[in-house]
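Have a look at this one.
Which chain is which? They are A, B and C, in the order written, and residues in each are numbered from 1.
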Amino acid sequence: MLYVAVAVRAFRRYATYTAATLAGIFTNSVFGVIISFSYLAVWGQNPDAGGYDVSDALTYAWLGQAMIMTVAVWSGGATDDLAARIRTGDVALDLYRPVGLLGWWLATDLGRAAYHLVTRGLAPTLVGAVLFDLRYPAGPGTWLLFWLSVPLAVVVSFGIRMLVTASAFWLLDDTGVRNLQVVCAMFFSGLVVPLVLFPGWTRDLAMALPWAAFLQVPADIWLGRRAGADAWWGLTFQAAWAAALLGACGVVLRRARHKVVVQGG
Amino acid sequence: MVSTGSTTALIEVEDLTRTFVVRRRAGRFRRIASVVRAVDGISFEIARGEMVGYIGPNGAGKSTTIKMLTGILVPTSGRLSVAGADPSRDRLELTRRIGVVFGQRTTLWWDLPLRDSFELLRRIYKITPDRFRSNLDEFCELLDLGDLLDTPVRQLSLGQRMRGDIAAALLHDPEILYLDEPTIGLDVVSKSRLREFLRRVNAERQVTLLLTTHDLQDIEQLCKRVMVIDHGSLVYDGSLSGLHTVGSSTRTLVVDLVDPLPDDARIAVDGATVRRVEGPRQWLSFPAEASAAPLVAAVAASYDVADLSILEPAIEDVIADIYAR
Amino acid sequence: MAEASALPDALRAYGLLARTWVRVSMTYRTSFVILTIAQFVVTGLDFLAIVIMFANIDALGGFSLAEVAFLYGGAGVCLGLADLILGNIEHLGSKIRLGTFDAMMIRPVPLYAQVCADEFALRRLGRIAQATAVLAWSIVTLDLEWTPAKAAMVGYLVVFGTAIFLAIFTLGAAFQFWTQDASEAANAFTYGGNTLAQFPLTIYPAEMVKALTFLVPIAFVNWYPSLYILGRPDPFGLPEAFQFAAPVAALALGLLATVAWRTGVRRYRSTGS
């Protein structure tokens, strides 16, 4: 299928950046270590914080580092390329097939995500596993659910990033929107501090937002905190947000086709 | 040691060499290192006030030479003297006395309006306000920059930016102006305007010009002296007219006949030789100084011509001819 | 060397270039304000995380929220100042690639000054403001017994902490003379260093703290001076003299950074890349 080919090609393209990937793995690992020690201190004080135990927390930290690039929290997603094309105006050509456009970029992003998962996802996790006492999925069923959850997380993230990128069709300077999204993503995905630690109603709110799909849901499945029906509900949550966001993207892109504000060089 | 010979050579280059180690991939993980001699033992002298063309095909070593003359790169071996100083050691001191224009990228600040870039340069080079104003006025007029002064450099077209770069390079009254491929990508009108400006600058201000290019027209229009570099070596250093003799530069007339000639015959006319035939198209080369008009008439008179075009001499051909002799 | 004697020239040029960039950003005033606020918020998230942690615990590594806030604020101000002064040195790799670096080499201004000042971003005040706010809150909340010495120590912390980060940024940039692709690794030391220093070093194993003292001297940025100000004995039993040794660390690291930078420039001029 065409989209599979697109994804594979994206994977290969990102695979040429070896040095950058190694550097990224190093940085992820360093941050993973720092976060791990801070969680050790927190759970050392309160062994049951947020309903997690210390192993859960440490595992969560490393899963977080693994997901940062996979889900492209800050940047590095395929949507960055699209943003560049919007800025130069090249996108005008792409716009005449809005469904094709969305599918194409989604496939590209998934290919990229696969590369980042295998490199900057897997490698730091191994480092974490060696240095700390992590928890692993209970059985093949859990693994399967986890591996279903990860691509869903990428799709949700893609949907959000695509909407943000599409804002560039209307706003000449999309940096504000972009920064705002990054802030929300970092915070509400649980990368800064696990969502389970959020006090009271803020926790419920955070769990309902799409960013919870990035890390909290896959992590809970991995840790066995969401098992059985709960796990399926988690996947449904992700899928629902994915569908809603992709739908919104479709609408927005169709609008964009009508109103192309092409920015010259 | 600076040579204090009888010539007042501003730029002296002796046996200048610059090698690079290039690592190429051979298979998945192995790299093969090879040594590339980008500049291979070249020697020349440029006197004050000269306007010299430095021509060669892509990758011949032109930019590398300029980088060494400006101090950006240090030579691997050889002697180099610019205004009595060694650029690789006294790079910072020499910056006040030189101006550089890079064809491929700007030396101006991308986000600043031209005016602000110039103002910044005034302060960096400590140009006196009077000198600055007089230079700026003159350049704005000659290069038609007046309307562009408030435009950010990033919004300028290539030709406009190039004009801005040249003005910027001359604001501080340098003794030497290096231009690295200044006309690349410009249209014909812009090119000739630029050349006119450079001629004037050289004549009125005695600025020594060293201009690299792979466009022979630049040389034709500007320089009496031309140095030809190929694969790092200087293959010719002398007058332009000499180059035509030595290089026998030729132009090419491309003739598209209505039908190909039978039996692979070639067009026969005086003053031109057929170099190549492909079906109905034939390439005829003739001396560059000769006018194409009589040749065209002769061909059209004797053959059924569908279309014609003229190709200017490529520097590669000139060089090939030099070697062939 | 020629560049050493050109210090006043370098500072003047730096000031000139930085002021020009500030003027540029002021022409897009709304964008500037938004970006500064955004910086404030984004960097503030780290503190929000600490506050949320303290919603679940009373003490982190034996330090109260206000004490951790003091550490956090100190580190943040130092990194923020260093980032403001020369944060864009991180982009050295792309400057080399785009040819901007060559364009700098033909100007009668020391290279380092130009690279530091290039695209000076006043919006980085956002991080400094945020860290200062947290620091101020912690000082007010802590109700310490202030002596002139302690007050001076705060200034000492900022000055030498910033100096250490300046050196780390420079080292990270010099690294890019050898490899531009792997430049992200430097973040582990600059932003990683800051994140690490937000917490009391008691949460880390003793070997790591020793490494942070003798190897990558991040501990001198805010930890040792803070021990003095907060009136706490060294939890690892390390000499009290360390609390006054930040200038030594800054000097050592600064020398290393100078050597690395010079070597990097020399390498660039010998290989052209």
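One rule holds for everything that comes next: a residue touches a chain if its C-beta (ideal position, glycine included) is under 8 Å from a C-beta of that chain, and two chains touch if they have at least 3 such contacts.
Since the model is a prediction, treat every value here as computed from it, not as a measurement.
When the C-beta pairs in contact are tallied for B-C and for A-C, the bigger tally goes to A-C. Geometrically, the chain at the heart of the complex, using CA-atom means, is C. In this assembly, the chain whose C-alpha centre lies farthest from subunit B is A. Between the Cα centres of subunit A and subunit B there is a gap of 50 Å. One simple way to say how far apart two chains are is to compare their mean CA positions; for subunit B and subunit C this gives 45 Å.
Distance between subunit A and subunit C, defined via averaged C-alpha coordinates, is recorded as 29 Å. Interface of subunit C with subunit B (complex): residues 2-3, 6, 13, 16-17, 20, 23-24, 98-100, 102-103, 105-110, 269-272. Those residues of subunit C that touch subunit A in the shared complex are 31, 34-35, 38, 41-42, 45-46, 48-49, 52-53, 55-61, 179, 181-185, 187-188, 192, 195-196, 199, 202-205. Subunit B meets subunit C in the complex at residues 20-21, 64, 67, 70-74, 88, 90-93, 95-96, 98, 100, 102, 104-107, 109, 111-112, 116, 120, 123-125. Interface residues of subunit A facing subunit C in the complex, by the touch rule stated above, are 17-20, 22-24, 26-27, 30-31, 34, 37-38, 40-42, 45-46, 49-50, 173, 175-176, 179-180, 182-183, 186-187, 192-193, 197-199.
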